[in-house]
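This report refers to the structure that appears directly beneath it.
Chain IDs A, B, C, D and E follow the sequence of writing; residue 1 opens each chain.
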Amino acid sequence: MDATLPILILAIPLGMFLVLGLAGCKMSHKLAGTLGCLGMGTTLVLAYYTAFTYFFSGSPEFVDAAGNRLQALIFNQTWLAFTDNLVIRLGFLLDPISAMMLVVITTISFMVHLYSMGYMRDHHGVYEHGFQRFYAFLSLFSFSMLGLVVATNIFQMYIFWELVGASSYLLIGFYYVKPSAVSASKKAFIVTRFADLGFLIGILILSYYTGTFNFTELTSAPVEGLAGVFQISESTAAGVKSVFESSATPVFMGASVLTWALVLIFMGGMGKSAMLPLHIWLPDAMEGPTPVSALIHAATMVVAGVYLVARLFPLYLMEVSALEFVTWVGALTALYAAIVACTQIDIKRVLAFSTISQIAFMMVSLGVARPEMHEGLGYMASMFHLFTHAMFKALLFLGAGALIHAIGSNDYTEMHGLRKYMPITHWTFLIGCLAIAGIIPFSGFFSKDEILSSCLGNSTVIYVWMSLVAGLTAFYMFRLYYLIFWWKEHKVHEGHHAPHDQPWTMSLPLIILAAISLVAGFIPFGKFVTWNGKSYDFMAHFDWSVAAVSLFVAVVAIAIATVMYRKENPLPEKMRAAMPGLWKWAHHRFYWDELYMFITHRIIFDGICRPIAWFDRHIIDGTMDAFATITNKASRAIKPLQSGQVQLYVWWYLLGALALGGITMLCLL
Amino acid sequence: MESVGSIILYTIVALAMVVFSVLAVTTRKILRAATYLLFTLFAAACVYFMLDYEFLGAVQIAVYAGGIVVLFVFSILLTTHPGRNSEPLASKSRVLGAVASVAMLLVAGYALVSRCALFVAKPALETPTMQQIGESMMSTSEGGYLLPFEAISVLLLACIIGGVVIARKR
Amino acid sequence: MFSNILIWFVVIPLLMLAGLALCRDIKQIRAVAVAGSIALVGLSVKLLVDYLAIRAAGNTDPMLFTGSWTWFAPLHINLAIGVDGISVAMILLSAIIVFAGSFASWTIPQPKAFFLWLILLSTGVFGFFISIDLFTMFMFYEVALIPMYLLIGVWGSGRKEYSAMKLTLMLMGGSAFLMLGLIGIYYHSAPAGQSLTWNILEIVRNNSISHGWQCFLFPMTFVGFGVLGAMFPFHTWSPDGHASAPTAVSMLHAGVLMKLGGYGCFRVAIYLMPHAANELAWIFLVLTGISVVYGAFSACVQTDLKYINAYSSVSHCGLVLFAILMLNTTAMTGAIMQMLSHGLMTALFFALIGMIYGRTHTRDIRAMGGLMKIMPYLSVCYVIAGMASLGLPGLSGFVAEMTIFVGSFQHADVFHRTFTIVACCSIVITAVYILRVVGKLLFGPVQDKHHLELTDATWWERLSTVTLILCVAAIGCFPNFFSNLIRFTFSPDIFAVLGMN
Amino acid sequence: MKQEIGLLVVFLLVFLYDTFMPQRAGKALPVVSTVLLLLATAAGFCSHCLGTATSTEAFAGMYATSPVVCAIKSILNIGAVIVLLQSISWSGSDHMAVRRGEFYELLLVTLFGMYLMISARHFLLFVIGLECASLPLAAMVAFDKRHYESHEAAVKYILTAVFSSAVFMMGISFVYGLAGSLYFGNIYAALSAGTHSLMLTLAVAFVIAGMGFKLSLVPFHLWTADVYQGAPTSVTSYLSVISKGAAAFSFLVILAQVFGSLYSDVWEWMLYALIILTITVGNLFAIRQTNMKRFLAFSSISQAGYIMLGIEAFNTMGLTAMMYYILVYIFSNLAAFGVIGAIERASGKVDMTDYRGLSKTNPRLAFSMMLAMFSLAGIPPFAGFFSKFFIFTGAINQGSVAIYVLVLIALINTIISLYYYLLVVKAMYISADEPVVGTFRSSISERLGLWITVGGVMLLGIASCVYTWIFDLGEISPLAAYFV
Amino acid sequence: MEIKAIMLLVPALIMFCCGVYGFITRRNMIAILISLELMLNAVDINFAVFNRYLWPDAMEGMFFTLFAIAIAAAETALAIAIIINLYRSAKNIDVRDLNKLKY
């Protein structure tokens, strides 16, 4: 495939960033917005074309004779050569997951660009301050995210990984005058940065032992023409494994070096994907403008961690313990986030915790995937859920954005009963909720069902656990839905307009996304995305019993929610009173933020930084100053020598001479 | 073996040297100190005579005893009010002085005593005649002192100039 | 002699000095400074092009443009010059920072004397980088140090007298050790019977410093240069010095002068005494490893902008020495990249801090806030500098740090790899303090209402910062160009010549 | 011999001029003496440069000269000319009218004494030279009759000087007792043949003490600061550079040509200790001084320690480095004293605190002072850097580990010295207070002196021919035969 | 019994030490000068003794003494001039009052 179009996919957003960033303040708001949308639209077309070409052209570049999908390096330019082998290249790797991600990213991004045209202005149509900057940052983010998914080597991924982190920082802190936004952006950056430290160290370890950064070399056979280029061959696996086993320190603290490397790399993923205990930044990140939350903190960037594990999946397969780690982190996070989501009153926070929970689903799915079970169904399920989740979660966020824009608050207690005022928002939001709850035939049902199937294939415990979480998901989503749109009549404050639906720029994305969420479940994902490139019919692994159970759980959960929240009633209060401890902990998100606050402020700042700064000023610098002080003291101490008394002068003179002679005499004796 | 007379003479001279120098530096009357110095200088002149350096002894008496001590006496009379003794010495300075001089005595004394070559008697020697001395003084060969002689004349001239310029009232 | 392009790097500043002496008003002074610094930038670009052309033609000499003119024949002191990729990179860096610094001190009081000392300082810097004779190198080194005293003392702020004195004395203290080391090297520069030499290339060729002497002279020279490279625990001049120095001086000092330390550590200590370097590296690795983390932690709780940046410099420069001590191609290349990167971005930082200070008259971050609204241009530049500092890809900090980390982690010894991981931790801490400043200083509500009346950057300030940002971005976007330029010096052949693995 | 004779001729001419010319012409005396001495210097220098100077001995070995000796004398002459140049304004003032001639006569005699010290190869001649070089100086110290300090300084100087010469002669008497001769050559022969007795050690110690007095080595230095402070500035500058330079060289001559064989046993370690003490104590005292003359006194003490490194090295390189150091030191110190003298004459201020803001009122003087300070501190590209570097190089050429330690100590001390030299710079350039000394115009002679010294400070190092010239002389020096 | 060299040297040394003692303890400057004379004289005796006892062949020690006496005379004359000069200005020749220049 010609490299021009793929390069353009990256270059257009980058160019747009530079143009809007450098010249943005000189152009009108409208022009900037239009330019941004046009740019993203073009990128969207190109990305669709590329993905289409990859999946459907059947070119030998992409599909081998047996119908297996291949990894294709569209281009791979050396960027920085550390050594002969360790080279950072900037390239464009096309394979099922990157093609899929191209579609997801550009779709959501375009929707958000479009949506923001309406969102980022007030009711009088006045554009917000920094509108151009907003589009510049959106373009930067799109560029970085696209670069991340098409990375040909782990270092390229790291580079773009950092860039998405930075653009996320800039966007969260978009309202930089608000202290909460500033601190949220700082928190997001630092937490992910800490996770990236693990990622970096993981990369270092991996590259030290394998001598390469390239995904193709890390995850596939070096010789083409084997059963599948994408498939990890026995020989490579043995080769990579032998590297680790023959190395001088194969084991560190009870785990093999490879396990450590993989766990550390996964740590990067945990940061970006907000897995427990590194999840704390994501709820705060909702301080950013809502379209940003939709794009970055729901649909795309936060799944980077999932994508990372999927990208290195063959390596993870070599160390099952690492995969189990992934599974349990995911499972815990899923439950935790679901419980917390049940108690939040800020609608964006609820959605944020729901996002965490859903991403945890994807993680679990990857963790339980094994090639021997349903041909690695979990991998496919995870990617499938990633896809569907991106769509319906973006939908939900954009819907929430519409609500917030209309009401001017994030708090659902300000909303209630909006269904009459904002019908489009209501219906699309409902579709989103149904999708996430896993109601047939919405997309979420299919992807979640695949995940549960693969869980069941791995371990019953996980399966039950995740089913429970799925039920909780349905519950809290409908709790949210009812509290926003039902509960009681909306009270229009005096002097305010009644809330109403938003202009087309905001409604259109909602409708499109709702449509996608409605039908995406029927995409035969197994044909396109599998862990080893071999297509299979996804209905082959569709387990109707699992589906039935999950459907049942979802319906029950929705029913409970309906009973509790459809109309104003004291039941929620009673529930809260029944379990005060749990509610309090969940409401305070199990005090993670306080714990981190304690660690950073009390331990790191007060316990390390300040003592070090004190040590530096008083001990180290004090020592240096002490040299001067001692010199001065010595100078003062010998002052009496120069007494002005000529008799003492000669006394010293004579004694000096005698000492000089006497001591030398003694030495010579 | 020396004659008894020379031994007696030696004893007197040595004693005089020691006693008068001690007195010179310990007496509280400055004029007496000058007098004791005079005696010490005489004793030194005696030593030169004992060593058969008569010319040296003569110079010692003429220059030192005759010139310098007179200079001292005049300057003492110029700078002190008659009859005023110097104040008693502070014990601290006495200790310092004692330490320095005893240290000097011990170190240098030990250095001298440890040198066996110094325990020799006087070899026989003819007293250098004035002619010898005069010839050496004006000679430029080995053992000749023309150059120092000329040099010291410059020094003395300079000291005269210096003395004059300093002592001049303005 | 003047046909050698390198000589002009010293001649041009001298001509500038002469020109300055004739100047009557500030316009002429500015004209001289700008013309001279443009000439230096042009010359260094030409040098770079020529250098690459010669290398491309297949010349593999360790040094190019070499020349040697006898100076003190009895002591075998020559004016020996020559450059390799590292020197070229450093010269380029210096020229750019001098250029930016000239614009940053556009409205300095007493401009004549100021530029006089500033140019004298740059004479020393350029002379140092072109010298391959230990004596002339040392001479230029000290020439570069002493103007600092007056520049800080006269044009500085705060506790300037104390800081200037401390800085000068500590750096001179380092050079005391250095001088002893250099003289020691001289006396072991050739096998018995041959004439001694100060020339680095000849010393390497003679390879006659015995192991014992290496172990004595290596610490001397390394510590000597290390003081200037802000090695723990000899870094304390840096916070005070930088805090008191005027803008252009901070820029030049942190941007170029501190690089003299790292450069010297390699060029003299390691290059001439590889065996001792191999053997004793661990001691200094521990120290520099501490520097890296320690500086970053200290920076976290400072409230003075310049102190923050000074401690950050301690951390970043610690990384330079750290990487140099790894003694492998990649890490050492990374060290030089880090020198370039840190030079540019820290100069940018100091320039911006100076500009902000010039407006708000405070450097206490608690007293400022929301500057982004008031002076967006400067604030954006500050964010960019911060991003470069915390290692955002696309800016110079990232490539340098990554080269260092990857290179250091290639070391076969577990000890070295462990320390690499320790050093890696600094990237998180760096993020903490950079974002802390950015958050407090630029974002948030405006703290002081008087600040609302302040203006944004003037054209010369824009020129100065844009130059630096462009360079930072150039390194960040096209690292391989710089990496290749540098790498040649550290090629395995040369390690083999030095007898290192 | 030519140089001595030339000097004596100048002395006589000045003497005659002073004695027989009318009072009015006395005003011209300073210029006349300066020019005469300059001519003598030029003549002596040329006679050397034209190649006529060879290593010769006269008076049966009592007096010796060689190219190196001629060179050091020329160096001292140059210094003396500069001192005279700088003193023209001072001695032209009215209160000096009655003793203007004497000042020049005495100065020339002391210079003659130094020549004798340098050229003497016999202890008697040496002692006469030594006294010649120090006694008239006592009179010169007392020249400023208007100030009590001048008298006090003179008394202190003469008393300690006589005490010191008594100790020195005591040492010589011991040497004589051991070696049986006062000719250097004979003593050297006797000492290299014989065993080392304790008496000899003590003798060496006394000789070193005597010379240490002239050089102001610690602990024989205590007179220095008081005398420098009390003496008229011109005399102080003369004392601090010329007298010290001559003493250093003749010290090396004695140590090499008399005690050369005792180097490693006896005096290497004595000097080792003295150098450390001298540099350190000198520096420690200098830190706290505010009187510029007193300050420079302590600075000169520590500089003497560095000069001694050249002797401690005991090799040709040390010798040449020492001579070069002396030359550079003369220029740097005289530049400083030139400024001090000019300011003192114009305003009567000699305190460092009075120098505050000098850069604003008298930028050129301040600049000269700063260069002088930089040179003394050893900052490139000024001459002091080169001289310091070479003296360290020369010292390390000796090769032992101990010498590395010594040089390291000396180097660490340079930091302290840098500190106090920078204090002066700080006072002039940095202190923000109102200037104390108003703007004034210094006289032509002072300016000329400053131009010469500052020029020297800037060029003596960079122009490598100076050092090369000295080195070439050092190579053929008769002293080289005595080095280990 | 013979008069050995040491028997003269030791009294001379004692004389020297007395001079030292006097220099350090006396307050009158003239007295200090007197002490100095003692010291110089002791040195002179030393030279003469060494010459006569150990190296009688040449007269170097004797000549040294001769010149030393002259030097001592010059020194004394100059010193007295300076002291009197001081006396004129300060009306005091107590050496401990010479303390304006110190530290």
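Quick note on the criterion: a contact is a pair of C-beta atoms (placed from the backbone, for glycine too) under 8 Å apart; a residue touches a chain by one contact, two chains touch by 3 or more.
What you are looking at is a predicted structure, and each value in this text was computed from that prediction instead of being measured.
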Handout entry: Where chain B and chain D overlap in contact partners, by chain label
Key = A, E
Practice task
Give the label of the chain whose average Cα location is farthest from that of chain A.
Solution key: B
Problem - Contact pairs, highest-scoring chain pair - result: B-E
Completion exercise
Chain centre (avg CA) closest to assembly CA average -> C
Completion exercise
Taking each chain's mean CA coordinate, chain B and chain E are separated, in whole Å, by 6
Completion exercise
For the pair chain B and chain C, the C-alpha centroid-to-centroid distance in angstrom is 70
Fill in the blank from the handout: The distance between the C-alpha centres of chain A and chain B, rounded to whole Å, is 102
Fill in the blank from the handout: Cα centre of chain A to Cα centre of chain C, whole Å, reads 37
Problem - Interface hub residues of chain E, defined as touching at least two other chains - result: 16, 19-20, 23-25, 32-33, 51, 54, 58, 60, 63, 67, 71, 74-75, 78, 81-83, 85, 95, 98, 100-103
Handout entry: Shared-contact residues (touching 2 or more other chains) in chain B
Key = 93, 96-97, 100, 104, 107-108, 111-112, 118, 143, 145, 148, 152, 155, 159, 162-163, 166
Completion exercise
Where chain C touches two or more other chains at once, the residues are 169
Exercise for the section: By the touch definition up top, name every chain pair that qualifies. Expected result: A-B, A-C, A-D, A-E, B-D, B-E, C-D, D-E
Problem - Residue ranges of chain B touching chain D (in the complex, touch as defined) - result: 107-108, 110-112, 114-115, 118, 140-148, 151-152, 154-155, 157-159, 161-166, 168, 170
Exercise for the section: Going by the contact rule at the top, pick out the chain D residues touching chain E in the complex. Expected result: 123-124, 127-128, 131, 135, 138-139, 142, 145, 148-149, 151-156, 158-159, 162-163, 165-167, 169-170, 172-174, 176-177, 180-182, 225-226, 229-230, 288
Problem - chain A-facing residues of chain D, complex - result: 155-156, 159-160, 163-164, 167, 196, 198, 201-202, 204-206, 208-209, 213, 218-220, 222-223, 225-226, 265-266, 269-270, 273-274, 281, 284-285, 287-288, 416, 419
Completion exercise
Residue positions on chain A within touch of chain C in the complex are 78-83, 86, 88, 155, 159-160, 162-163, 166, 169, 173, 176-177, 179, 182-183, 185-186, 189-190, 193-194, 196-197, 200-201, 204-205, 207-208, 248-249, 604-605, 608-610, 612-613, 616, 620-621, 623-625, 628
Problem - Sites on chain E touched by chain D in the complex - result: 16, 19, 23, 29, 32-33, 36, 39-40, 42-43, 46-47, 50-51, 54-55, 58, 60-61, 63-64, 67-68, 71, 74-75, 78-79, 81-83, 85-86, 89-90, 95, 98, 100-103
